[in-house]
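The following pair of complexes shares a single chain, chain A, combined with chain B in the former and chain C in the latter.
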Partner chain A sequence: MSRAEAVRGASPLWTLGLFRNELLTTFRRWRTLALLGVLAAVPVLVGVAVRIETGDGPSGGGGGGGPAFISQITNNGLFLVFTALAATLPFFLPMAIGVIAGDALAGEANAGTLRYLLVAPAGRTRLLLTKYATVMVFCLVATLVVAVSALITGALLFPLGDLTTLSGTRIGFAEGLGRALLIALVVAASLTGVAALGLFVSTLTHSGIAAMATTVGLLITVQILDQIPQLHALHPYLFSHHWLSFADLMREPVHWDDLTKNLGLQALYAAVFGSAAWARFTTKDINA
Partner chain B sequence: MGEASAREPDGAHTGDGVIVTRALTKRYRGGQLAVDGLHLTVPEGSVFGFLGPNGSGKTTTIRMLMGLIEPTSGTARVLGRPMPRSARAVLPHVGALIEGPALYGFLSGRDNLLRYDAADPAADPRTRRVRVAAALDRVGLTAAAGKKTKAYSLGMKQRLGLAAALLQPRRLLVLDEPTNGLDPQGIREIRTLVRELASEGTTVFLSSHLLDEIEQVCTHAAVMAQGRLVVQGPVADLAAGARGRLAVTTPDPADAARVLKEQGVADVVVAEDRVTGEAPGRDLAEVNAALVNAGVRVRGFGVERASLEDAFVALTGEGFDVAG
Partner chain C sequence: MAPYESDDTTTAGEAGEPRTGRRRAARYVVPVTVMGVAAATIGLVPAIASSGDPDLPEITAAQLIEKIAQSDVERLSGTVKITTDLGLPDLGGLESGLMSGAAERGGDDGSSADPSAKLTELASGTHTLRIAADGPDRQKVSILENAAEYSLIHNGADVWGYDSKSNEVYHGTVDASGEAREQRPPATPRDFAEEALKAVDDTTSVTVDGTAQVAGRDAYKLVVEPKQSGSTVGAISIAVDHETGMPLKFTLTPSSGGAAVVDVGFTKVDFGAPAASTFEFTPPKGAKVTEGEPEHDREHSGKPERAPKSEEDLAKGLDGMKTLGKGWNTIATFDGGAGGGLPTGDAGGDLGGFVDSLGDRVKGEFGTGTVFSTRLINALLTEDGTVYVGAVTKDALVKAADAGK
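Here is the complex of A and B:
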C-alpha cells in the first residue's frame, strides 16, 4: 500500500485553498469580466450625458428631476459616485449578482464539474460556503468597480472639491471621499440578500441559465411589487425596499434608522435563504 | 500546522473488501428501480470489472459508492467506512472517473487539475504543482498542459480526467468507462496504466459495457443486468462456468455432424465448413478417431475456451448489447 498509507491531515488553512481557487476561477471567466465591464460603463455614460446636457448653459441652476445627487454633479465630480451607485443599485448591480450567484452551483452541475469537486472531496458545506463567500466578494468588487469608474469619470469631467451634504452643511473633499467608500460598502452589503437568494435558486436546478433567469426574474418581480401601493404591508419585507437608504449617509448627522433596517433585512435574507440552500444542497442527489 | 490528525479509513472492517455493499437499493423519484438489492464485494488488490449493458445500474451504483447520491435502502462501505457518511475521510484515498471527464473549458489542463486538487482539503498545497505535473506526465499530457481544455479532443479530455484521479497515491481507483472516446493506442495505454497501478497495490474498480476490455485486465468481475447483480467472482471461475465448445473444421460437415451426434456430442451446429457442439465428458481423442474412421476429412479439431461473453450469455440468456 506504500505511500497511500501516509497520514494526511487537513489543516484549516488548507481549506482556504478552495476559496482562493474559486476566486481565481470566477474572475477568469469571460462572463464575469463582461459584467464588470458593463458596470464600469454605466458611470461613464451618466457622466458624459450630464456633461453634454449642461455643457452649454451656465453651471448651477439645479434641475429638479433625475436620481438623487444628479443636480450636484456639475458642481462636484464626487457626486457622480453617489449618482452612479443610485442608478445601478436597483437593477444593474443585483442583476450581475443574480447571474454570478445563480450560476454558482447550477453551472457546475451543468458542466458536470460539480461531481468531481464533491468526489475530490470538497465537502458540500465547505463548497457552499466557498461559493457564498465568492459571491460576496463579487458584490464588493462590482460595487467598487462602479464607484471607482464614477470617481475617475467625475474627476475628468467635473471639478472636485468640498461638498455640501443633503442637510446643507459643508464637508471637506477627504471626508467626502471617506463617505463615498462607506456608501460603496453599504451598497455591497445591500446585495447580500439577493446573493443568498440566487445561491438558493442555484441549488434547485442543474441548468445555470435557468438559475440565472429565475434569480433575475425574482429581482424584477420584487422591484415591481415594491412599486404597488396596495401591497404597502408587504414592502418592508422586500429585500430591495431600503436599498436607497444609503443616501442617509450623506446627511449631517447621519440618519441610521433606514440604514440599520436595510442591513438587518439583508442579514435575515442571508440567514433564511442561506439555510435553505444548505438544507437543499447537503441532501440532494447529484445526478449531473 | 501539517500536524498529522489520524483519520485513516482502515478500521477493523477492511478485511472483508475495499467495497462492500449489502442490499444496496436505489429507487428514483417516479418509482424507477435503478439498483435492486445489490450485494457486492470487491477484494483488496483486485482489478474488478463491473459489467453490464447501458442502463443496468452501474453508474447509479458508482454514484452511491462515491457519496453523490443517497441509497434508498441498504448499506455501502468503501475502505471499511460507511458511505456517504464518511465521504470526507474516505474520498481523499479514492480517485474517480465518473461518466466521462468534466472540465472547465476556459482553463488550461494544468489549471483544471490545480482546481480539483485545491478542492481536496487533505491535499498538501506545497506539493500541489509537483503532483499536478506528475499526473499530467503519467497520462502523456505534459505538452498540452498549457492549452485551454475546450481545445482538447475527447481522448485528451479523458486522459485529463484520469490525471485528476491520479493526483494523489490512491488506495482505490473507480473508473467508469475509462476507454470511451479513446483510439486503439489510447485504449492500450489505459490498459497498461491499470496494470501498473494494480501492481503498485491500488485496487481498481472498472466499469464497462465492453466485455473484452474486462477480460483482458480484470482479475475479478461482476455482472449487472436491469439493476440486479447476476454474478460476481474471479474472472477465471466465471469463464469456466460456461463449458467450452468442441469445434471441427472439415470439408464434409454433414458427415461430421452425424458422427459427432453418434459420439454423444449435444447441440451440434453446422456453419459452412465448421461443426461445433458441446464438448462431451469422454476422451476427445476417441471422438477424433471416430471421425477419421468414418471417412470424415478433418482440417482442424479442438476445444474453444469459453469467453466471458459465453458466460454472460449462459447466465442471462441474452446478448450483451441489450440496452436496459
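Here is the complex of A and C:
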C-alpha cells in the first residue's frame, strides 16, 4: 500500500487503494465473519429441517404455510435458494447490513481511528463514498453467501433438475440457475436502502453499538409498521414493503411492476439518506 | 457533490461559528431537495400521464355496442387489476379460515388447486390477474399472489389448475373446445361488459361519455345507467378500445356514491399471440394432482363450478324462485326455508341477536323483517321466511314485500 506516494487528493488509484483497504479491514473482522457464518447456516437449517420432515419420501403439497417456495424444495433443491432468501431477507440479512453500516463510521469514531483516516488526504466525501461502497459489497457478499450455501445444501439433500415457475411453465435447470443469480442480485439491491440508512445513523453518533442498535431498531419498527393495515397509505414508502417482490422473477413472463417499484424505492432511500449522511459527515466536528 | 470536494478536509479547522452554521444548513438542503423532487414526481407524474383524453372520431352508443359485439379479439396477453368492494363485513382471517374450511368440507377432493374453491377469493379486495389467450382452445388466467401464483390453464381438452403455494394441481377435461369460456368465471373487463350489455333494455340509458386512455390505448367510454330510481347500481362505465372494440375497463359505481363496487381493468395489454409455452403444463414432480369430475357429471352434481354471473343464473340454482319487477329493479323472491326462516331477536336467543346485529330491522305492511345490506345487493328476510333479494335499495325491497303480501 503506497499511501505515502499517492498523489494528493485527486487520483482515482488512491481512492481504489482506500477502498481495498476498507474492504480488507471489514472482511477480516471476526464480527463480519461471524455474521456471514450465521447467514450461511440458515439455509442449511432450513434444508435439514425440510429433509427430516419429509424423510419418508417426497410427499409434495405441504399445505402452503411457511416461507415462500418451501413446498417445492423436496422436488427441486434449487428452490432452497429462493426459500432461504425469502427467509433471511426480512430480518437476518438487513440486520447484518445494519451492523456493518452502523459500525462503518461510528465504530471508527469510537475506536479513535476516524481522525487518522481523515489525516490521510482522503477527503470526507470520498471516505464516506468508500464506506458506502464497502457496505454495498457486504450486501452482495452476504446475499451470495446465503444463495451459495442454499445451493450446496439443496444439491446435497434434494434432487435437482428442470423447475416449474410460479406460473406453471417449465424452465431448464440452467435458466433456473440464471434466475437464482438474478434474484440474489435483486435481493442485494433491496438492501441498499437499509445500508444508506445505517450509514446516516452512523454519522450521527460516536458509539458504534448505538448506531447498530438504532439501525436494527429502525428496521424492526419499519417491519412492524408494514404489518399494520390501518397504515396502508404509508406502506408503499417503507423500504421493506416490496422486498419479497423478488419472487416475481420466478413468474413467466416476469412481472416487473413491483420489482421496479422496489428498486426505485431503494434508489430513493439511498439518495436521501446518502446525501443526509454526506451533509452530516462533511460538516461534523471530528474529535475522536 | 464535486464543488465541495476541495473544501472537505479543511472544514473543521477554518471558518467562524456563524459561517459553519450556515454551511451546515446549506448541505442539508441536498437530502431535502432529493425528497422534495421525489415527492413531486410521485405526485405529478400520474396527473400528467392521465391528463389529455385522446381525440377520437365521434361515435354513437349504438355503434359502440355494435363494435363490442363484433370484436373478435382471440389473441391477447395482459395484466388485469380487479378490485371488488361489495361492502361485506371485513372478517379478515376469519373469512379465509371459513373459506378454506368450506373447501375442505366440499369433499375428499378439497384441493387448494380446485378452481371453484380458489376463485371465490376474487370476490373481495384487490387482485392482479394475468390473462393470455390464443384462439378458443388455449387460455390462461393467473392470479398473482405474494410469492405465489394460481394458474388456470385451458389447452385443448385439458384444464389445469396449479397452485404454486401448496404445489397442488387440479386436472379436468372439457368435451367441446367451446366450453372452456363458460367454465371460466368472469375475470376480464370483456366478461363483465357482456353481462352488463345483456341487461340493456328500455329501462337503461346508454351514452358515450368521451374518451380515455386505458393501458396505453385510446378508448371510448360507454356509460350504462339505469333509468329507474331504486336501483343500487349508479352507473356502469366501460372503456372500449377504439381499434379492436375490446372492453378494456369496467367500473360499476353504486348509486350511494363512494368507491366503485367492481373495478376491472387492463393495466397492460398486448394483442399479439402469446408464446406457445405459456399454455403448456405438466404437473411438477411431487405435486399432488386432483382429478376433477368430467364436465357433464359436474353439471348435475350441484357443485357450483363458477360464480353466479347474474341474478338469472342464481335464479336457476334456487327452486321456487320468482322474480318481481323488471329491468334493473328486478327482485328475486323465494321461500328461505321452513318455519320462520332465521332466528331473530325475539325468538332465537343469542344467535338471533347475532343475526340481527348483521342486519337492520324493518317494519312494513308485510310485518317485520331484517334487511341485510351490502353496497350492491340488499336482501330482506321476513318473519315468515320469505327472502327478497335484488340490486335495489332497502325501500324498494320493503315496497316489493308489501306488494307481495
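By our rule, the second predicted complex is superposed on the first by the 274 of 288 C-alpha atoms of A that agree within 3 Å, B and C clash if a C-alpha of one lies under 4 Å from a C-alpha of the other, contacts with A are read in each partner's own complex, and residues count from 1 in each chain.
Throughout what follows, contacts are C-beta pairs under 8 Å (C-beta built on N, C-alpha and C of every residue); 3 or more make two chains touch, one makes a residue touch a chain.
In this text the structure is predicted, and so the values were computed from the model without any measurement.
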| Given the touch rule stated above, what does A:Gly123 touch, chain B (first), chain C (second), both, or neither? | both
| said: In the overlaid three-chain picture, which partner chain does A:Trp30 touch, first (chain B) or second (chain C), both, or neither? | reply: first
| message | Contact-wise, after the overlay, does A:Ala111 reach chain B, chain C, both or neither (first, second, both, neither)? | response | first
| request: Have a look at where A:Leu18 lands relative to chain B and chain C in the superposition and call it first, second, both or neither. | output: first
| task | Count the residues of chain A touched by chain B and by chain C, then name the partner with the higher count. | result | C
| request: Considering only the touch criterion stated at the top, classify A:Asp285 as touching first (chain B), second (chain C), both, or neither. | output: both
| field | chain C-contacting residues of chain A that also contact chain B | value | 9, 118, 121, 123, 126, 283, 285-286
| query | Taking the complex as given, what residues does chain A use to touch chain B? | reply | 1-11, 13-15, 17-18, 20-21, 25, 28-30, 111-113, 115-123, 126-127, 283, 285-287
| chain A contact footprint on chain C (complex, rising order) | 1, 4-6, 8-9, 11-12, 20, 23-24, 27-28, 30-31, 34-35, 38, 79, 112, 128, 130, 142, 144, 146-149, 151, 153, 160, 162-168, 267, 277-278, 280-282, 284-288
| task | Provide the residue numbers of chain B that touch chain A in the complex, in ascending order. | result | 1-8, 63, 66-70, 87-88, 91-94, 96, 98-100, 102-104, 106-107, 114-125, 164, 168-171, 200-202
| How about chain A: which of its residues touch chain C in the complex? | 9, 58-64, 68-69, 71-72, 74-76, 86, 118, 121, 123-126, 159, 161, 163-164, 166-170, 244, 247-248, 251-252, 255, 257, 268, 271-273, 275-276, 278-279, 282-283, 285-286
